[in-house]
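Two complexes follow with chain A in common, the first pairing it with chain B and the second with chain C.
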Partner chain A sequence: MPFTAEFADELARIVGHQHLRLGPGELAPYSRDATPLFSAEPDAVVFPGDAEEVSAVLKLATEHSVPVVPRGAGSNLCAGTVPVDGGVVLVLTRLNRILEISDGELLARVEPGVTTNTLSEAAEKRGLRYVPDPGSRMVSTVGGNIATCAGGLRGLKYGVTRNYVLGLEAVLPTGEIIRTGGRLWKDVAGYDLTRLLTGSEGTLAVLTEATVALVPAPSGGGTGVAYFTSLEAACGAVAAIIESGVLPATLEFLDRKCVRAVEEFARLGLRTDAGALLLFGDDGPAEAVAENIDRIGKACVAEGALEVTLADDITSAEALLAARRCSLPALSRLGSLTILEDATVPRPRLAEMVGRIDDIAERHELRIATFGHAGDGNLHPTCVLDPGDTGAVERAHKAFGEIFTAAIELGGTITGEHGVGAAKLPYLLDRLGPEQVALLRRIKAAFDPASILNPGKLGS
Partner chain B sequence: MSGVFDAEKLGRCISCGFCLPACPTYALTGDEAASPRGRITLMRALEEGRLDVTDPASLEQSSFCLGCRACEPVCPAGVEYGTLLEQWRDHQWQGAARPVLARWLMALVSRAWLLRLQGLVRGHARGKGEPRGAALLLGCVERGLYPEVSRAARELRGELAAPSGQGCCGALHAHNGDSRTGGAMAALVGARLPGVIVTTAGGCAAHLAAHLGRERVKEFSEYLAEHEVVPSGEVRVAGRRARVALQDSCHLRNALGVFAEPRALIGAVADYVELPGAAGCCGAAGTYSLLRKRDSMRVLAPKLDAIAEAEVDFVVAVNPGCLRQLRQGLKSRGSTVRAIHLAELLAMAQRDWTLSKRKGDA
Partner chain C sequence: MPFTAEFADELARIVGHQHLRLGPGELAPYSRDATPLFSAEPDAVVFPGDAEEVSAVLKLATEHSVPVVPRGAGSNLCAGTVPVDGGVVLVLTRLNRILEISDGELLARVEPGVTTNTLSEAAEKRGLRYVPDPGSRMVSTVGGNIATCAGGLRGLKYGVTRNYVLGLEAVLPTGEIIRTGGRLWKDVAGYDLTRLLTGSEGTLAVLTEATVALVPAPSGGGTGVAYFTSLEAACGAVAAIIESGVLPATLEFLDRKCVRAVEEFARLGLRTDAGALLLFGDDGPAEAVAENIDRIGKACVAEGALEVTLADDITSAEALLAARRCSLPALSRLGSLTILEDATVPRPRLAEMVGRIDDIAERHELRIATFGHAGDGNLHPTCVLDPGDTGAVERAHKAFGEIFTAAIELGGTITGEHGVGAAKLPYLLDRLGPEQVALLRRIKAAFDPASILNPGKLGS
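Moving on, here comes the complex of A and B:
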């Protein structure tokens, strides 16, 4: 894959010299994202200013067979933006405008580089809500969220990013600019390319604009915490809560190690002696919320919760949610290499999966803490180790392989929200089977004949 | 491994990117290289020898960074970015790589007799006799530019001794690639002023606290709060209580966690107005506003907009660099808002100060 000086000159002609980076110190920061243990340097970094420039860059890359890796905020945890084959990193942070918010149609039209939080706040000011709520919302971009089909803390009741994408503007690797879907909730003309591109992890097209659905902001909300003796007990309570007929907006769990780490950072007065914590929340009309929260609390007590406390104002509820969002980095205080993984099992198998993870950790003599979205069956087993201990790093790789196998065996999957990227690619065949992987490759080839877009990831 | 950086501190960062939204230079550029995480990746490349000490991009980033440390309180992994930045500059800003102006200023402030002379000429506060418990630090910049600040501080708290010949705390050195001298200067100040040191400059407070220990260093508002001092009077403008906003000092807020105290004190003597983004850097950042004027102004611009929108009478700063930055910015926009130091505002209140008419009012 030749990256030449002439190619660089062409890039400069397209985006302008000030938006092209070629020096070693300019490229190094783009050698990695939030994924540990993955790193590779690009040959160039470009910051396009609009879809036309994106189109010109991609067309040029296709002509010269140079890899292009789209990048939002680089907060993904699957090495999705690591340029494993070199080439060009295409950074979309300059495209960061909110183009439109339509109250009447309950939608927003945004450029991909807008951060999730910026969009949420803009919607909030209008009495609306952008529902997807990944833990990384302050950092991550809407484009990155759509490309990874990000989930989050409201997944149980509201689903993931996919449910909120109405239409996309996307640039194909060959340079054509397409518009899929649009402003309509109902539109079934043609294959659903909007859904195909959502979660395509930057391997089929570069998203340059998105139309996303908003909902009226709920009038009230409530949040609470229940402590249990063990994570298994907490998982048991999850089943009881759902069976009690409530569908909470938020149902998150943290094991003992996570609670301690989070408390250390956020100092919220969490009980660090408990074996696990369930964080639950609901939103909607105040009365309904109060009733649901009460029912969840009772279900927890009936399942043997040590203690249930409710957040009595929005600030303390927000603090609890914020604490949950920082579980990963807070855990990293325990050791400087922190490998967070992402596996999902059907909700009734949650407790079993937690048990298996514990066994695997013990067998490999590893420190694995687990937190996640209990309501979705989405777990984040997180291994904390010392990077100098190569033996432990080896064992961690083995352990995670076993964890993914266990998830598949229990009817689950190898990633619930972080995506496949380069990190999970080796496990994809196990999950999808050869026929489907072959189909994925044919789809990839139809979009990207020269195979330039984010090689080494999905479709490779 | 080249041993430039403290390995444990550099290893803390897990590249989660939580610091990105807090960083003013990332906000300006959207460039990973101009973010705390990107800069740490650069430091690692330097440490591992993958990047040369003369690399222009690395030099540029070490200077583009404001050193505001807004990335620290938001980092859940507890990365001590400020220390890493000092180590980075120690490594990169040697010889000709250090800006001429910085070299000149560093030479100036390391001469105690020059500082003393300058202070005498400008008439900073003087307190005879032995320090009774606490000593007032006469910041090197403040002595030259704003001697009225130390005078106001003494007016408010007569018990603060202000011996001259105390020297400079060395923050300027530490932030410009010579942290060894910066540390030695802090130790010297510590020896010359035994006991608690009170300072009216957020930058000096953070630097001194890092070297002498947190207990020995009190920023002025913190000192007042600890002694439960509440000024008796109030500041009025055109017959009503003045509307007053605060610009946090980055180092005070991000390194020492002091931000509630100045707000409470302002609220005691005037109507406190919270500016959106008050916690964000104003772009002064020590010598930054001199060395990188254009970027410094880009960082300041949204703040000036916010001040204009807030319709305040005063903007209070708790650090001389920020004061200078705000004054210049407000002046360039022809604003009638006055930027003053917290000590001055409180002294005004003590004198039951009333501004009868605002410039421009009918």
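Moving on, here comes the complex of A and C:
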């Protein structure tokens, strides 16, 4: 059944008129997320106030076969929250409370709409840390981060979001409210639904509460930067660092094109003659950090670094980190359309992968620069272009298709931390094969018999 | 269709006569695992040599609706590998090669039948560590550990098996061979099948290869032991340690009854006047470890420890750890039947839970002592009795039912690291509720339409 006026009345009865949007001007902002070139208008937007309202909306939608697309801040980069089949966008930002932070149990219980940064700051005030730190953390929500299993800069040493989710409250598309896991570090009673929902991109259930693990905040930290003549040399240093027995908390790279763009944008005093910049950092007890930073610096020198700079204090560390944080805005200003991807390869294939990306860019006459997480092989090839240039947009689509194929050929994947969404669904078959895609669909059906939850995405 | 002679012939054609067992004397060892009181004879035992043979066996079994129970070393403690409905036990111990250890990528690729200790030692020789260290690691296999998401002593600081599985090769009950994840620290292309299979207790697919993460071996370590007048006092120290910002690699406890049993058994010089023993350890860079061990020791003293001893060297550290390792054998010799459980509660409820266990034991006139992982609230209440005393066996079953109920009441779970198996399936509904149990069954059906894989366990 399509969306009807009666259906809208039912929605209003559930969430209240003030939490329902139906007017075209009100719907437009929810027709897109942070992914360029994807847009589709929903029929309604609802802002439920608790799990019971979410349950009532989903039950109604299942009865009437109306699509429901859960959404947090809408900072998704793979069109994971674009309502490609219309229907209802279910926005969880009213559920934005930190319900509890327990020092004794090292955990927080939060509603899904709280931003990751809010949670991080609240933990920090208690001497604790919420580890996941995706680049979007100032705006993105904990629920959205869990739905995409967000990564960030600390993946190699600390793991990603899934490692920090202890328990979830979730509403199934048929309306049942379930609680998975809990406040426990060890719990193997049943299939691991906590992890299955983490990274399921809002296609299996709607998260209404999360219990996440915190860790004691590290007492010290250190940061440094090294320039290399080439990305190959930088990757040699990465291998040497890891083989020396150090797992740095941060190990980020910028390719030649990124370094130049950042320097032109932010005038940080970066060496624009360098072929690559490596940013490294560690945290923990002060002596251990100092020793690790020293070992990393020496490994860079031994691998032919042009220059190595260690930050003396927090201020200079922040200045070094600025180069990485500026990468995306610095590149974005070079064109009015920015496509940011996150193909990932095994760490030793990183330089080779960036070489392939450069070849692909050149062949398609595109400007693609790459930065990313050298520690875990997670690359962010970033294409800047003019959306009016339809030829370039078409070439960019082709180029990214070739980039995903290359990543798979090198033993990698089409997405390390952003998700599949609508944008990368066409490439999923190449990554997983037909047997696994068929299995994903059967799992999807086990949760969502009417296929109402975020259709056109994972599991479709 | 029941198991027939023709079916046996087909099995022989697939794995070869020399890898098929059909005689009663040959089947008996596979009628039980390490769980007391559970036993059921299979119709056949097969030892496949590769994933293709596993696939052929499963396809055949699905066609003929014959149960297949995957098995590693058979050290399971919840009857997870007992063939309760007969059929074929599929033993994976021939698949016991370490295929690769990569220093550069910090990973190992192994077949499922390799023992965890073999992998650990191979990693150690390369200066690396495979972190999961379940108590069974000398005999249990990596495949079995993944199938149960095995825990161990390092859970709080390092997490459990699931945190170290990067990728799996698995055979679906319908015969398809799939590969989940890979060599990547970040990969969100698709639902997290790697984690869904981890802990699925051989009910969704048969694992035929695993890629696991390794970490650099810590350069130093330290160990200490503290005695307290009561378990409450010991738990107070645990809280103080964690609130001081230390996450110890090891934090184990023995209750009064365990301390006495261990001392009577092993004459280690333990203080038998103590109400509880706390064993603590940390690893990492030497200075940081020394500082942490010192802070832990001081926290114990501040919380009223009777005595704190720090190990000076590896030998004395091993001597301290012996107390924990001896707990199970020391208790087992007190009766000819030992039932070891692993109810788990949030860390602050640990002393309360042990108190409840003591009350339950007294009420049922049973000898139940408890040791376990204080850091993650994972208890191992251990009941020793005489199997000929049918009254006591019945009372023990009742007592463990009450223990599981108590754990759930305190916000805990029926199993922290051993699994559900056949032994705890009756309690799963209380832990998860009917909606979640129904969902597990639908997930099971998505993998195993003919319900042939390890029936009578998780998902049944």
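Rule of thumb we're sticking to: the second predicted complex is superposed on the first by the 446 of 460 C-alpha atoms of A that agree within 3 Å, B and C clash if a C-alpha of one lies under 4 Å from a C-alpha of the other, contacts with A are read in each partner's own complex, and residues count from 1 in each chain.
Assume a residue touches a chain if its C-beta (ideal position, glycine included) is under 8 Å from a C-beta of that chain, and two chains touch if they have at least 3 such contacts.
Model, not experiment: these values are computed from the prediction.
K.L.:
Looking at A:Pro216, would you say it contacts chain B, chain C, both, or neither? Reply first, second, both or neither.
P.N.:
After superposing on A, A:Pro216 lies in contact with chain C but is clear of chain B.
K.L.:
State whether chain B or chain C is in contact with more residues of chain A in the superposed arrangement.
P.N.:
Counting contacted residues of chain A, the larger count belongs to C.
K.L.:
Using the touch definition from the top, say if A:Glu26 reaches chain B (first), chain C (second), both or neither.
P.N.:
The first partner, chain B, only.
K.L.:
Return first, second, both or neither, reflecting whether A:Val165 touches chain B, chain C, both chains, or no partner chain.
P.N.:
Touch partners of A:Val165: none, neither chain B nor chain C.
K.L.:
Scan A:Val54 for contacts with chain B and chain C and give back first, second, both or neither.
P.N.:
neither
K.L.:
Quick check on the superposed pair: does A:Phe447 touch chain B, chain C, both, or neither? Answer first, second, both or neither.
P.N.:
second
K.L.:
Is A:Phe265 contacted by the first partner chain B, the second partner chain C, both or neither?
P.N.:
The first partner, chain B, only.
K.L.:
Based on the A-chain superposition described above, do chain B and chain C contact any of the same residues on chain A, and if so which?
P.N.:
Common to the two interfaces on chain A: nothing.
K.L.:
Taking the touch rule as given, give the residues of chain A at its contact with chain B in the complex, in rising order.
P.N.:
By the definition above, chain A touches chain B via 21, 23-26, 28-36, 47, 73-75, 91, 93-94, 96, 113, 115, 117, 136, 138-139, 265, 326, 328-330, 332-333, 336, 338, 387.
K.L.:
Spell out the part of chain C that touches chain A in their complex, as residue ranges.
P.N.:
Those in contact with chain A are residues 103-106, 127, 148-149, 151, 155-156, 159-160, 162-163, 172, 176-180, 182-193, 195-196, 198-200, 204, 215-217, 219, 239, 242-243, 245-247, 284-285, 287-288, 291, 344-348, 373, 375-378, 411-420, 424, 428, 431-433, 435-437, 439-440, 442-443, 445-447, 458-459.
K.L.:
Give the list of chain B residues in touch with chain A in this complex.
P.N.:
Contacts found on chain B: 8, 11-12, 14-18, 20-21, 30-33, 35, 37-39, 41-42, 45, 50-52, 55-61, 75-78.
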